[in-house]
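Chains: A, B, C and D, in written order; residue numbering restarts at 1 for each.
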Amino acid sequence: MSAPLNLRDLERIAGGLLEPGAQAYFAGGAHDEVCLAENEAAWARRKLLPRVLVDVGALDTATTLLGTAVTMPAGIAPTAQHGLAHPDAEAATARAAAAAGVLYCASTMSTLPVERIGAAGSGPRWFQLYIQRDRAATLELVARARAAGFTALVLTVDTPVAGVRERDARVGAAAARQTFGNLGYSGSGDALGAYVAGLFDPSVTWDDLSWLRAAAGMPLVLKGIMTAADARLACEHGADAVWVSNHGGRQLDRTPATADVLEEVAGAAAGRAEVYVDGGIRRGLDVVTALALGARAVFVGRPVLYALACDGQAGVTLALEMLRAELRNAMALLGAPSVADVRRSHVI
Amino acid sequence: MSAPLNLRDLERIAGGLLEPGAQAYFAGGAHDEVCLAENEAAWARRKLLPRVLVDVGALDTATTLLGTAVTMPAGIAPTAQHGLAHPDAEAATARAAAAAGVLYCASTMSTLPVERIGAAGSGPRWFQLYIQRDRAATLELVARARAAGFTALVLTVDTPVAGVRERDARVGAAAARQTFGNLGYSGSGDALGAYVAGLFDPSVTWDDLSWLRAAAGMPLVLKGIMTAADARLACEHGADAVWVSNHGGRQLDRTPATADVLEEVAGAAAGRAEVYVDGGIRRGLDVVTALALGARAVFVGRPVLYALACDGQAGVTLALEMLRAELRNAMALLGAPSVADVRRSHVI
Amino acid sequence: MSAPLNLRDLERIAGGLLEPGAQAYFAGGAHDEVCLAENEAAWARRKLLPRVLVDVGALDTATTLLGTAVTMPAGIAPTAQHGLAHPDAEAATARAAAAAGVLYCASTMSTLPVERIGAAGSGPRWFQLYIQRDRAATLELVARARAAGFTALVLTVDTPVAGVRERDARVGAAAARQTFGNLGYSGSGDALGAYVAGLFDPSVTWDDLSWLRAAAGMPLVLKGIMTAADARLACEHGADAVWVSNHGGRQLDRTPATADVLEEVAGAAAGRAEVYVDGGIRRGLDVVTALALGARAVFVGRPVLYALACDGQAGVTLALEMLRAELRNAMALLGAPSVADVRRSHVI
Amino acid sequence: MSAPLNLRDLERIAGGLLEPGAQAYFAGGAHDEVCLAENEAAWARRKLLPRVLVDVGALDTATTLLGTAVTMPAGIAPTAQHGLAHPDAEAATARAAAAAGVLYCASTMSTLPVERIGAAGSGPRWFQLYIQRDRAATLELVARARAAGFTALVLTVDTPVAGVRERDARVGAAAARQTFGNLGYSGSGDALGAYVAGLFDPSVTWDDLSWLRAAAGMPLVLKGIMTAADARLACEHGADAVWVSNHGGRQLDRTPATADVLEEVAGAAAGRAEVYVDGGIRRGLDVVTALALGARAVFVGRPVLYALACDGQAGVTLALEMLRAELRNAMALLGAPSVADVRRSHVI
C-alpha cells in the first residue's frame, strides 16, 4: 500500500496489525451490522452545494464546546480499551489530542485509569460515564474524573443492556484478556458480559439526572439521543448538550444513521443545548455536512483506534491532521471561511 | 461453521442436512421468488428509533392471542410436512412449542395426523384449514382438530389454486415421497399437484364463512389477507383475527412484502379483530417492527423447519429461545419494557 | 438445462441455437440498452395485491381486440425476419398463433411475403406498416395485406429514422444475408441501413393519417405512442387503437419503460381507442399488471422469436401455452375470474 | 476491440495508450470520486419522451453561443495539458474544432501558449481564466488571449483552492514533468501544487468582476456555478453566461451532478444570461437532455482528451462527429427537428 492519504487508509493498515479479536471488537456492530454500514453511507449520500466568489483567503476552523476552545469542530469520541490497539493506550491518544488542540472524551471503559489519562495531556477533556447499580461507586468515578482535570460529563444513555455483537462471537474476540483501569477489572472477555450486565443499571430514567447533575459539579452531556422527543426531554432535564449517536451501530441495529436524524434532533435542541454527533465520520466532507445539519461538533471513534494501532500517538496526530486538512479544503470549496459560515443551504 | 448464533445460522446448517428436494420445497417461492426475497428485506428496510432513559429493568414479553396466554408475541406458522425435516416431524415441533409457552399452528398438510400432534404437547395450539370440495370431509377434519385440543381455526384464504414453484421442478423435488397424515395421502410428489387441485375448492367465497363458523365452534382466523379491503370484509364476516400473509412468497409472486402492507391492513381491522403477520421474520428486530406496525403477534415458518432439521425438538427450542432473546434485547434498547410499550413511533 | 418452464428458459435455450448475429439482432437495443433492460424490470417492480375468497372456479381469459375474438389478451408483436430464427419463418408463427386463438401481428419486415403468412393460418391477424417515401408502394402493400386476410393496420410511428444498435456492429450482425419478402429485398445487412433509410419516410406527420385511413379500409392502430399528448392526438386523428411501445428499446434509448407510461397513456385514450402495450412482457404476472394499468391486451415480441428458434411452430405453441397458464394462475390468485375483473386496485 | 462506436470506446482505447500518470490525471476526481461517477450517471437516469409523427426530414443542429454561430450545441470544455495526450497538444484540438464548426474553450493551463492555439485554427474560440494574485499578470494573459482571436472570457470560479485528487498520489502522477505554456512553467508535478496555490488568488469575490469585465473587453462567462443563488448573483454582476459545472468532479466531492442542478440554475438565469453545462456528457442523449433542462449548450472535457490520445486531430474530429451523429439521431427520435424544438416536456 502506498502512503496513507486518508482515514480509511489507516483503517486498512490497522486491519493488518490488530489481533483478529481486537479488530472484530473495534470494527463490529450489532446483529446484522445494518446500522454500522448506514452510518458511513448516510454522510456520503448527502450532496454539498458550493458557493463561489467568497473570500476564503483566511480560513478558521476553531470553535468552542461548552465554552472550551478547540482548534476544530471534531473531537475524539469515547471508545473502550485503547490498550488493545497500542501499548501506550489512552495516554497516547490524550497526548495527540492535546497537541492538536482537539477535545478528547475518555471512556469509562478505558484500559488506563482516568488519572493516568488526565496526566498524559493538558488538552480539553471530557469523561464518559455509565450509571452503575452502585450509585456511590458511580459518583466516586465522577469525582476521580473531576480531579483528573476532566471538565464535562458525557452520560451514555443508549446502553441499558449491551448490544449483541455476533462478530465478536464468530472470531472468538471475547476470549482475549480485557482490562478496564477505571473499574479495576481484568480478566477474560468471556466473563465480561455478565460482569458488565451486573455493573450497569438498566433502570435509570430521566429522574436520575437531577441527582447526577447536582453531584457532578460539571456540565452534563447526554450521548445516545436519536429522537427529537428525547432531545426535548434532555433539554427539559437540564442537559447542557445532546450528543446524537447510535453507539457506532453497536447497540440497536437498524436504527437510522445519525446523519439521517441529526437535523431533526438538532432542531429540537436548538437554542437550549449544544448538539454533537458521531457515527461514520471519515472525511472532512462529513464534518461540514454535520455542521450544516445543525451539529456544533462531530466526534470520531474507530478511526482514532485504527490510527493508534498504526503508530501510537503519532498515528493519532496524523489522523487528526488528515481530518483537519480535509475540513479546511471542504470549507474553502464550500465558500465558508469559518465554522459559523457553514449553513444549512450548503447541504441538500 | 461456528456455533449458531441466530436463525439464519440454523438455515445454513440445515441447508447441509436436508435432502435437496426437501430443501427446495421448504426454501422456494413462486415464479421468480421476488416476493420471497422481499419478505425478508422489507423488515430490514424499516428503521427503529430507540427511546432512552426508560426503566427496562423488568422486561415482559408475554401477551395473549385470542385470549390464550403465550410467553411471547411470536408463534409457529403452519408449514407442511415436518417429516421432511426430521423423523419426529410435527411432534417435535409441538413439544418444543409447548415447553416454550409459544403458540403452535399446525398445518392441514402435516406429516403426522392432527391427533398425534395434539397428543405431543399441551401448549397453546391452533389448526390451519383448507376448505375442501367435500364439505363433509372438511368438517370432519375440523372436528378431529377440536377433539385433539386445537382451540382456533386458521383458514387459509390465499390458495384457491396452488402457486407455481419452479424451483421444485428444477431440482426434481416433486419426485420425493410425500405423506399427509390428515388426508391419508402418501405417494410421490409427482401426482401431488393434481391430487391437491382436486381436493381443495377454488370456488370458496365470503359467503362460506358463516357455515364454517357455525360448524367449527371455535374462533376463526383468516390467513392470507393482504389488503385493507379484505380485512374489512373479514371483520364484517365475523373473523376473530386477520393474519397478514402472502404464504411466504409461495403463491402470487410480486405481492408486496407483508411488512409493507401490515400497517394498512392492521388499521382496517383495528378494534374489531386481532392482527397477525408472517413472512420473512428472522430477527427479534422484525418482531418489534411488526408490533409497532400494528400486529399483535408474528408467526415464523421456515426457520422452525430449519431448526427441526438441525436438531429436532432441541433445535426448535433453540430457535425459539434465540428469537426470544433477540426480542428482549430489542425491547430493552427501544425503551419498551412490555409488548404493549412498543409503539408506532418506534418505527420509521 | 432442465426442461423449459417459462419464457426465459426458452430465451436461454435459443441463445445456444441462434447464430451470434441473429442473436444480437433479436436481443439488442439502442445505444446503452438502458431502455431494453428497463422494459423488463419495470413490470417486476410493480406489486400485485391479491383479493381473497372470490370464486375462481371458472376462469376465462378470452377477450376481443377491435371486435376480433381472441382466447387471451396477449398477442404476437410484429418482429422482423423470423427466418433468422427458423426456416419455417413467419409461417410457423402464424400456424401456432392460429391454433392458439391468439392474434398475430405480422411485420412489414418479415422474411416471408405477406401472402405466404396469410396462407399459413386462418387465425386473427393484423399487419404492421411503415409509410414509405413512395406512397403508392405503401398502399400496394396495404392492399396485399388486406387480400391476405389481415384485418387491421398497425402503423409504426416511432421510427422516422432507425435506432442505433451498437450490439449489431460489435458482433458483425449486419454482415449476415437479410431477406425481406414484402419488399423484395435480399442482400447483406451492411447495405440494409441505407436501403431502409431510403425506403421509409421521416417526414410523415399526423396529417398523413387521414389519407392512410381512407385508403386502408380497415381499422388503424398507432404503434409507438409513449405520451398522453400523442395518445390524445391519435384519438383526434381517428386511430382505433393506441399501442404503447418504445420498439422494444430499439429506437430511442432512455425512454421510460412502457410499464411506466402505460397508465397515463391509457387514461388519455380511455373510451376513445383501445390500448395495447408491448415491451418486456415475460410472465403472466406482466400481463395482469398491464391489464390493471389500462391495457386491453399485451403483445409479445422477442420471446416468440426465441420459441421459434427452439422448436419452430411447436416452440411458439409452447410459449403461448406457458404464458396462458401463467395468466390463468395469476388471475386465480388475484381473485379475478375474467379479464374484465382485473382492476386498477390489483396493482400498486 | 472492434472499431470505436462511441465516446466510451475512445476512452477505453485511450486507457491503453496514455501513461498511467496522465491517465490518472485526466480520469480522476476529488476524494472518493462520488461526484465524478454521479456526473455521468445522472444524465442516464433522466428519461426521454419521444413525440411521434413530427416531420424530421430536415434536421438542423446549429445554434449560436453569445452570438457566435456554431454547428452544434456542444463545445469543447477547457482542460489542462493536452500535451500529455498527444504531441500536437492543443493545436490538434483547435484544428479539429475549427473544422467541425464547434466552439473550443482553451484552458489557462494548456500545454501550448495561447498564441499557438489561436494560430492553429480559425474556428470559434473562448479563453478560460483564473484570477491570479498578480492582477497585472492576469490582465496581460487576457490581452494575449484577445490578441490571439479568443472572443469571450470564461472565468473559473470553483477553484479558490485546488481539489484533492488522491488518485494522482496513488499512481505517482505528480512526478511527471508538466508544462504550462501560458504561465511559462515547466517542472515536475511534485512542485506544481505549491506553485499553483501561490499563483491563484483564493480571496477573489463578486466585487472583482467589474474590474475584470472593464479590462477584458469581451463577454464574460462564469464557469463553476452550482446554485440558483450564485446564478442570480452572476446575472446581477453582469455575467453574459452562466456555466453549470463542478469541475468534472475534481473540486468538491459530493456536489450534485450537474444534470441534477441544471434546471434550477437555468431557471434563475433565464432571460438574463446564457446557460451552459459540462460534466459527464458522453452521449447525444445527454446533449438533448441538457437542452431540455435549460442549457443552451453543453461542453465536453475528458472525451476530447481521450480522442486526442487515440489519434490526435483526427481523433478529436471523430469524437465530435460521433457526438453530432448521436445528437441528430436523438433529435429525430424525439421529434425535434431543430435545437429550439427540444422542450422541457421531452424529459421526465
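Methods note: a residue touches a chain if its C-beta (ideal position, glycine included) is under 8 Å from a C-beta of that chain, and two chains touch if they have at least 3 such contacts.
All figures in this text were calculated on a predicted structure; none of them were measured in a lab.
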- Query: For chain A superposed on chain B via Cα atoms, how large is the rotation, as a multiple of 5°?
  - Reply: 90
- Greatest centre-to-centre gap (Cα means) from chain D is with chain B
- Query: So what's the Cα centroid distance for chain A and chain D, whole Å?
  - Reply: 43
- How many angstrom lie between the CA centroids of chain A and chain C, rounded to a whole number? 60
- Query: Could you say which residues in chain B touch two or more other chains, in rising order?
  - Reply: none
- Task: Indicate which of the five shapes (line, ring, star, complete, other) describes how the chains touch one another.
- Result: ring
- Query: chain A touches which residues of chain B in the complex?
  - Reply: 2-3, 5-6, 44, 46-57, 283, 285, 326, 329-330, 332-335, 345, 348
- Message: Applying the document's contact rule, which stretches of chain A touch chain B when the two form their complex?
- Response: 31-32, 34, 157-158, 160-161, 163-164, 166, 169-170, 201-206, 208-209, 222, 224-227, 229-230, 233, 246, 251-256, 260-261
